[in-house]
Amino acid sequence: VTVGELPTEPALLSSPFRLMVKCADAPGIVAAVTGYLYELGANIVHANQHSTDPRDGSFFLRLEFAHEGPLSREAFADGFQPAVADRFGMRWSLTDGRPKRLAMLVSRFDHCLVDLLWRCQVGSLNAVVPIVVSNHADLEQRAAMFGVPFRHLPVSNANRAEQEDALDALLKSLRVDAIVLARYMQVLSPNFVARWPNLIINIHHSFLPAFSGASPYAAAFRRGVKIVGATAHYVTNDLDEGPIIEQDVVRVSHRDSVADLTRLGRDVERQTLARAIEFHLADRVVVLGNTTLIL
Amino acid sequence: VTVGELPTEPALLSSPFRLMVKCADAPGIVAAVTGYLYELGANIVHANQHSTDPRDGSFFLRLEFAHEGPLSREAFADGFQPAVADRFGMRWSLTDGRPKRLAMLVSRFDHCLVDLLWRCQVGSLNAVVPIVVSNHADLEQRAAMFGVPFRHLPVSNANRAEQEDALDALLKSLRVDAIVLARYMQVLSPNFVARWPNLIINIHHSFLPAFSGASPYAAAFRRGVKIVGATAHYVTNDLDEGPIIEQDVVRVSHRDSVADLTRLGRDVERQTLARAIEFHLADRVVVLGNTTLIL
Amino acid sequence: VTVGELPTEPALLSSPFRLMVKCADAPGIVAAVTGYLYELGANIVHANQHSTDPRDGSFFLRLEFAHEGPLSREAFADGFQPAVADRFGMRWSLTDGRPKRLAMLVSRFDHCLVDLLWRCQVGSLNAVVPIVVSNHADLEQRAAMFGVPFRHLPVSNANRAEQEDALDALLKSLRVDAIVLARYMQVLSPNFVARWPNLIINIHHSFLPAFSGASPYAAAFRRGVKIVGATAHYVTNDLDEGPIIEQDVVRVSHRDSVADLTRLGRDVERQTLARAIEFHLADRVVVLGNTTLIL
Amino acid sequence: VTVGELPTEPALLSSPFRLMVKCADAPGIVAAVTGYLYELGANIVHANQHSTDPRDGSFFLRLEFAHEGPLSREAFADGFQPAVADRFGMRWSLTDGRPKRLAMLVSRFDHCLVDLLWRCQVGSLNAVVPIVVSNHADLEQRAAMFGVPFRHLPVSNANRAEQEDALDALLKSLRVDAIVLARYMQVLSPNFVARWPNLIINIHHSFLPAFSGASPYAAAFRRGVKIVGATAHYVTNDLDEGPIIEQDVVRVSHRDSVADLTRLGRDVERQTLARAIEFHLADRVVVLGNTTLIL
């Protein structure tokens, strides 16, 4: 898959399939779901479940299965909904392994952007990037290096609402599946965030909840921590408080200046963000309250 | 559970149960197993499966389930064998969460022994230790600190066979489930190893397959590696070649002498061995050829 | 050195020596110090310096050197002070490699205590432990296992001041060099802390500054972090805000309950605390504002 | 510094300076060197020494110092050689912080190349890349993305000697300081290697000495290791046996296929190679026998 090339949307899903299920815990769920798939002629390749007794007794299941021919969501629903889903009060979704369309929002730092565009281009991330959007013009050339269109949408307090509307319209016209804030230094409005629930992934350059807010490397230096980190999370209206998808860290010492922390942290940021996106692209992330399950 | 105290062996198994299944891959296995458990009134708490298409098309499943009353293996087999196991040609086993009985074999280094006895005593490892056996007398006091009997079985080339027979008889009389070589510096004979297949866990003080054999820290120092490690594996008749259960590493530098590597490595050895034992105790380790699955 | 055995205090220092120097940065400091040591007939084994231009232009130097005969602090000062220290306005100290005397304060958790007593006993930490003090009686047996005296000093709001006075008197009578809070769950008063400046090492069971205060594992679980950690720091009067000596982390997942985090975190706590103590025992830790240098 | 742009070679060195010293260990070396620098009006910014008593009594010193005006190597040598170097029989070198010129040799994998070119371009590696050379034409576009000339030099057993001569001439005409084998899948001849002693850095995709030779990820998969790694080392005539500069690892599991190991390993390879190059560019690497010191 080439970055920037919009795949045509097949009407039918094809192997491997992913079935995500959520309901109240009860005996017999796995048997019912896997029994249904067996009758359908499917072969389960991978299964991952989680029950949250201590929290609220919810049950989560992610199944990968193979099936000889293609399936339509409608045909699958016609059988699965009455036979299984209704019985347990399930919310469920069926996807396949086609690449997702990711929009990248950036400002001036290019380390995450270059890494992600490269990963998409060589196929280590199963995604296409139809657009890079920025509030600055600096990274247009970076997008061009990978053949990806670039849109400059400068944001001020005066024009924020209309620019966000323009952004939303642009992303929808490009049939974008999710948005990556690859070091985008603007806060998105609650209005915009509400339109993309659990679909905006941000990388914060600290090990949250430590050093939320601005200038985390300077704050880490002042505090004298011996390890710094990065956190990829879904964006909510509480800044740096959304559900955490992935975190990683790197050891530092008193010899490292703020510039050193920034440089060392870049490698952790891009790695952490790439892993979080990989989980998202594989439909492995379930949001539970303000936390995530990686199934 | 107190170390050294032999639990009475209950005739019946009780929740949580663990069902391990192995067979050739085929559609419908998960549905059949979970369907059977549902009819039995069981609730699946955790499920982990693995299929090895690229290797030989084997299917592996580990299920944890809860059931209101106790179960006997015989009663479970009476139903499960004809209804499910025979259909797929399964090999299976049913266990529960009772502590396993581990014998510790040691020589002169005490770091793994002290750590493991402490973990068993405070319950972070779900095991009891009925005996510590050594070819040296040095660590008798260490066993005594935790109230565990100690047996000194010195080994020479002349008496190896009879000492191993004595050891085997001792361990069987104590109903030992598995043997931990917590830095035991003698090679066990093929005869002994054959009696305890995939039941002897050794810790080797290198990141295998690098630096197998004697004096791995000295070899690592000479080679100038920047990281040293430890490997916990099941013992086979190929020295340091058995299936690897767990590995871990620590960063070193040119400032570290062989003594430093030895000291730093101790922490990695005991941690790696403890984790491998934890997997074994939870019936999570499946041996596949010369590798392991941790389900 | 056996734990609990008070070494006799030699009047003279012997190789290897450690010279710690602090002054305003200026050209010629290293030349002056090393030139003086050369004339003394010393051979420098290890040198570590740090300059803090960006902060306040301070200079820090730690030298290890060998010298054929013993040295007295007084004789060394007689020459070094006028010839070198006065010239640069230095604060300095000279120590040797003798074991330090550590008091352990504990409450009910034993994982750090057992690990540290074992390390002192086998010599992987260069320290003796003349006393274990606790506000609970639970761990008396743990101290006894290693032959270390145990003192039960229960603390309430009513008796806190007098118990701290008793503690201080006890530690001074035992010529204690530093105090380790090995999961001691009481807050020490400013009065007590002031008597032991940068001499009290605490282990906090989170990756500070995240999750300071009580129940950090429960807080980490609620926040859904993917990594938990531990922090060893000197105690100041700002709870969990003292200079950080060492930190480490371990990866966790949504499958881990608060009990799991607590269990996994124990291994990180004891490892982190042991490393911090190792740095302190080797006179490698310099406090600079609210941070540390590890020279 | 832009990738591919050859800096003009200044006749004079300027701050910060790096002085590397090697000699037999003896008292007074540090005093003599730092005393000389003090008289020169230099201020030592960083010092790192290492003595190898246990091995052969060698002494190694790396000093960073600032000096108000520029210095020529010749003028420095005129004073330093007779006053200090001759006295201790030193081998020494003086460099400054100018970017080094790195040639990249690649075959078909682009992950290290893209990462390194990006790092050079944004200045996180202090180097310029005047040329990318490959035995395949595949990566010409990757070099072009960063504005770096590309030379296709196909190699067969018949033309190996003449192609290596052409390569050597090309690199010398470009005043290349060091060569990076960024996944170059050809073995260089002893003749070529001898011309670039400790100046060719290779990345091997395993944790050496484990899995040297071809297809290390496949070998790691067959052995069932739980961690895979990468090793950056100087190239010698013993394949995969040269002095190790840096290593790193990543955890894997039985779920990871050879393709997964390859994908996960890519991130470790590029990170490990970048760090090794960073050490080399800062003149921090000293080769001692078949090992390295990182000063």
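We call the chains A, B, C and D, going by the order they appear; numbering starts again at 1 in every chain.
Here is the rule we use: a residue touches a chain if its C-beta (ideal position, glycine included) is under 8 Å from a C-beta of that chain, and two chains touch if they have at least 3 such contacts.
This is a predicted model, so every value here is computed, not measured.
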*Partner chains shared by subunit B and subunit C (touch criterion as defined above)*: A, D
*Result of counting contacting C-beta pairs for A-C and A-B, higher pair*: A-C
*Between subunit A and subunit B, what is the gap in Å from one C-alpha centre to the other?*
38
*Could you state the distance in Å from the CA-based centre of subunit A to that of subunit C?*
43
_Residues of subunit C whose C-beta touches two or more other chains_ = none
*Would you mind writing out the residues of subunit C in touch with subunit A in their complex?*
50, 54, 207-211, 222-227, 229, 243-249, 253-255, 257, 288-294
*asked:* Taking the touch rule as given, give the residues of subunit C at its contact with subunit D in the complex, in rising order.
replied: 25-28, 30-32, 34-35, 37-38, 41-49, 51
*Parts of subunit A lying in touch with subunit D, wherever the complex brings them together*: 110-111, 114, 118, 122, 124, 145, 263, 266-267, 271
